[in-house]
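Alright, structures below, take your time with them.
There are two complexes below, and they share chain A, which is joined by chain B in the first and by chain C in the second.
This part shows the complex of A and B:
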């Protein structure tokens, strides 16, 4: 069996279907098409007219994000002790598909603890210009020390400023982005 | 495991796997690509113990599961590794191990490269049914200043204990307590201090033993492994640098059975922080001030040209290519034959050629199979630590008979069949006696000679320093002839040189009387003659490449004088030291983590040192510096990279002719092992057996046992095996003979590496009990020895009439006392008040 469209046997094998066509222009049918259909479309337009404009005036106005929106990362501290949750295990860096996290760990000095365990992150950097906001770091973290926040406004004038250090990630983020409320 | 075992076929999981009868089932499975999980099995540690129970397999005909690591293979064995029964056992073992193993993997340094993680993931049940509290110990405590132990994490596999008991034989590590309270520790919780302790961190299958130097430094996914060769000592162990952010963070073994057997000494393992020491020379220096490379090379070229041929060079820590280029510059560009690579005197070129004969040279692996091993004039623990483990292994596993003949008591004495002590300066005499005692048929031969005479395969591990004495190397060749080395496979001489790449530099032509490939050439001055010529003004200019005469060479005061007298001194150095302070131009050297080049192991193995870490900004590859310098001096070497340098080297050195970089690869290549390897010597006859060399013993002493050699002139060097024969044996004026040795830890490696600093040796005067009593000394007393103040240390095994002091220590270097001949020292006791 050949599927060459030009071959006679192929053409013979095709069932020819007659196309159903609408009325020809002119007459009653033509008049309906010219006005009736247009009015039907205008009805929708008119109905939305009273709702007012839908445009969101970003950045004065912002769309609320869902609670599980993956925005800029946050590092966390224990609320009671104030110690960092991160122990510098580097699992986030291992999970990161964009290779944008750099962790250099160090050992806690008793009396001047940074984290709860023996180990803490002396350097914790995320290069946000490379981050693809996949959230794998959050999933990999065994201590819930890193989570994805809601902030998506990170544009800057210099790429170097997009490398967020541990202090920047630990700092209470400016809540610039409204959160969608329940049921919204 | 019998090497001559019969080939058999066994069935593992329905697949036929070839095996050798008697080998362990685990090994056969691994060769047949069947993975069986295990924790404690490690053939390097000796016989299996079956402690961890992880490698259980089902063998048809045996009702219970068997540990594959300790079950020898038998013809027709049918083994199953994946049945329900095996799986249940594996699950249970993992579950049991995790009953007490803390799940602090995120904090643990082993995380990511942990066999327990991998095996739990691959063979474990996935969850634990245990809800009880886990066992708790105090979190990491110091097992030693270098190794942290976290006893909670220990799974009691015995590996570290077996290493301590059966490999390094320091017997310090023990399992203490019983049941789940068991932990690894030392007697009385003393720190575990031994020269090979770092290896236990390599073999620990969990994170119980970790390095302080690598503590929390990196994760396996943060790092790169860069294979290279450690050139801190002549052992040239194969290492793998753990590199993060282009800096070396850790050194681990690369397991080359032909070189290091997979172990490393602590000097190589922890000696990497000196790469970044503040003392590192980071840019060219002209009269102490930093200058640009152009200015520096211009000054060097000017200084060398002005010398007008009155220039000499000494190579120390250099690769073959660097040594080759250096001797070309000296011989071809400056027209001076005065180049050497030895700290002191050495044998003449024709003797070196005979020593380099492939049929009298042993390779490292020959030690394993030797019938008798003679350790002559060296303590491997101090001069080539990894060979110390090798010799111990040969005795323990193969029943080799060890004979030790040295000046100073060695670490290997305990396992020796026979021990001989000769007085400092009497090595040549002793070896000559030994050769005739082995060759002769008289029945009065000493135990040393008898052991060697009766053995089939004899490997002689000898220290380069005995060859400082005239006739010693020739006598050694007589020993080789007397023990039929040239006709016995697996027998031979193995030199432990004083410097890292001594053999490579000699073969590259850094010798006063031999060019590349030990070829004939115009004779120049040797190291000591260079020193004298500099003092007398016969030579005016000196080039030091990686050599530090003010620390490492005998007679440092004379060297000080020579460096002061020289008009121009160019020093290539890795670190600032006393020598660089007296140099006109100092150029930075690369470390062995930065260098690209080849080195030659004392057994003739060419190995490649590969650049692994980044070099400081202003440090330039040394071969480029040398070839640039050659160009400035009007010599076009055609060398502009490592490959071209290597090509030039192999073309010029007949021994290396035709060796390709690919042949060296990661494991190295012994030039003697190549098809049609050229011999260094042509037409010289084999030495006849037994002929005593010049300076041989007078006939009156022929009958005396050779271990009782009487040194000439004054004090009697002593003495036979332990217990040392006491007795009055001191010179009439009470002076003692000085013997020196290079301590394992003496040198920049301990001084510039913060983790090793605690090991920096202090000068100690080792004195026999007899002499100590006569001088009313006890251990710890302050004494003055010919101007050097040190602490007395009464040592049982030191022969009477001799004291031993360490070379190369920063304070009270014994090299300052040496002057080429036997040295008599006067020991004065210092009062507590004056001390």
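This part shows the complex of A and C:
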């Protein structure tokens, strides 16, 4: 892998193109270009008019996201039994590079089960002001209990409000973010 | 150098002018980040410039020593926040060399596609902001329009527009989704047309010519002395490109040219980078044509997470999964330096392993940091307006400089 930049073999193996230098500024050519080239530039910009706007009216109209988009986390329950999927194993907390997940597990009491497993998460908190939305928690969870949702509007006035508790993460978000189809 | 615009101290028109020291930045839009320049001015002429760095020092390299190998990936991405795929490739490539892990062909092609898209993205950010410094405001909108398309592609495949953690040791974390190929190909075919539009606006524009031609000239020998790489060196006429010089990913199989300049002034730097965007678009097209089927990540349970579908069926996979997530894998003692051609030059990653599951040292050779050393040579004895143009054309990313 050692290579001498000046060696013939390197120079033989590459194809070099010299970029053009363009005209010399100033002088008569400069006076012409101040008008001519500016008009040509204007033609380029005007031709873009037919392409239509690329922007959207953001707060009224939301940017749709792709299915893989990683937004605010969601915790899940089993649809049939209503029990929480999370068993408090703390794998997500171990995987988190930003150390922003806190899980305290407790034993399920028979007759008053919270989760489907032996244990459940008594405390489950994600500090979203530290989270880097890497999605490692989602990858780490072996029970699909936590997934990355699609909501990206999470700004708040107080940092304390950015610590999301289990109840907040289990609840369905009020406003859904529009989704792009895979092919769009 | 006949084309150079510089007024040496002895020839200054008005020798009575006092030297005045001015601070540019750290919070100044023309410094492209948080860079402070202490400039000694004699009238309009720059006599000395001292870049002061460290305002966005984040200690990422140190934090990496405290994280298992797979958790380092989202960290190193955040150094140079415009070329995140390059940082991931440098780190993952270095670790793969340490543990001697071969990545499957499809992963190599996918990585190359994303690296080249990222190179276009990085050059677009450079072109938009630098042209904005020189007064061409529509360039910013144009460049960011195309940049948004690239970010859309990133979001579609990886789930995030920036800082995607898509590359993992062993390959890429998931396969590209349905429809990505078509969308990416459409973009790669459209990109040269868009570049043509930028050129229509800038190439012969009189203001742009006046601002860039003959300004910020540094000779190739001086750049080599300073260790400058990337488009800056190529603009001075040295066709040094690690994609050709070293054998990594699928670059040896691809057919692309290396644009070089002749004079080494700001105009050449502009032309070289714009030509590189076209070459990168062509690389993306070639990779899409040749994209092989097959696995996208190595099948080595020691280092790579088992597929999700196996978790509910195989106890062995579940144990591997637990172990990799909680402790990570151990890497035998050793060290490696792996360098690739980033959008700003040689981006190298040094990893020292001490046998534990965490790297003992991660160090990045960031091209922005090294290239910034040549800034004094560009700016001294020129006009202060040309200094701003030179800084833009230097394209430093301060997140990478300070790390």
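Methods note: the second predicted complex is superposed on the first by the 135 of 184 C-alpha atoms of A that agree within 3 Å, B and C clash if a C-alpha of one lies under 4 Å from a C-alpha of the other, contacts with A are read in each partner's own complex, and residues count from 1 in each chain.
The definition used in the following text is that a contact is a pair of C-beta atoms (placed from the backbone, for glycine too) under 8 Å apart; a residue touches a chain by one contact, two chains touch by 3 or more.
Remember, it's a predicted structure, so these values are computed and weren't measured experimentally.
Enquirer: Tell me the contact category for A:106 with respect to chain B and chain C: first, second, both or neither.
Expert: Once the two structures are laid over each other on A, A:106 reaches chain B alone.
Enquirer: Between chain B and chain C, whom does A:114 touch in the aligned arrangement: first, second, both, or neither?
Expert: Neither partner.
Enquirer: Does the superposition put A:13 against chain B (first), chain C (second), both, or neither?
Expert: second
Enquirer: A:44 in the overlay: touching chain B, chain C, both, or neither? Say first, second, both or neither.
Expert: In the superposed model, A:44 contacts chain C only, not chain B.
Enquirer: Classify the contacts of A:91 with the two partner chains as first (chain B alone), second (chain C alone), both, or neither.
Expert: both
Enquirer: Report for A:126: first if it touches chain B alone, second if chain C alone, otherwise both or neither.
Expert: In the superposition, A:126 touches no partner, neither chain B nor chain C.
Enquirer: Applying the document's definition of touching, compare chain B and chain C: which contacts more of chain A?
Expert: C
Enquirer: Contacts for A:142 in the overlay, against chain B (first) and chain C (second): which applies, first, second, both or neither?
Expert: Both chain B and chain C are touched by A:142.
Enquirer: Identify the partner contact of A:75: answer first if only chain B is touched, second if only chain C is, both if each is, neither if none is.
Expert: Touch status of A:75: no partner.
Enquirer: On chain A, what residues does chain B touch that chain C touches as well?
Expert: On chain A, the residues that contact chain B in one structure and chain C in the other are 91, 94, 142.
Enquirer: In the complex of these two chains, what residues of chain A are touching chain C?
Expert: It is residues 1, 3, 5, 10-11, 13-26, 30, 33-34, 37-38, 40-41, 43-45, 48, 54, 65-70, 91, 94-95, 97, 132-136, 139-140, 142, 148, 180, 182-184 of chain A that touch chain C.
Enquirer: Taking the touch rule as given, give the residues of chain C at its contact with chain A in the complex, in rising order.
Expert: Per the stated touch rule, the residues are 67, 70-71, 74-75, 78, 138, 145, 148, 152, 155-160, 163, 165, 173, 177-179, 182-183, 197, 200-201, 203-206, 209-210, 213, 238-241, 244-247, 256-263, 267-268, 271-272, 275, 305, 311, 318, 321-322, 325-326.
Enquirer: Once bound in the complex, which stretches of chain B touch chain A?
Expert: 104-107, 111-112, 139-140, 215-219, 221-222
Enquirer: Note which residues of chain A are touching chain B in the complex, please.
Expert: Contacts found on chain A: 87-91, 93-94, 103, 105-107, 117-119, 142-143.
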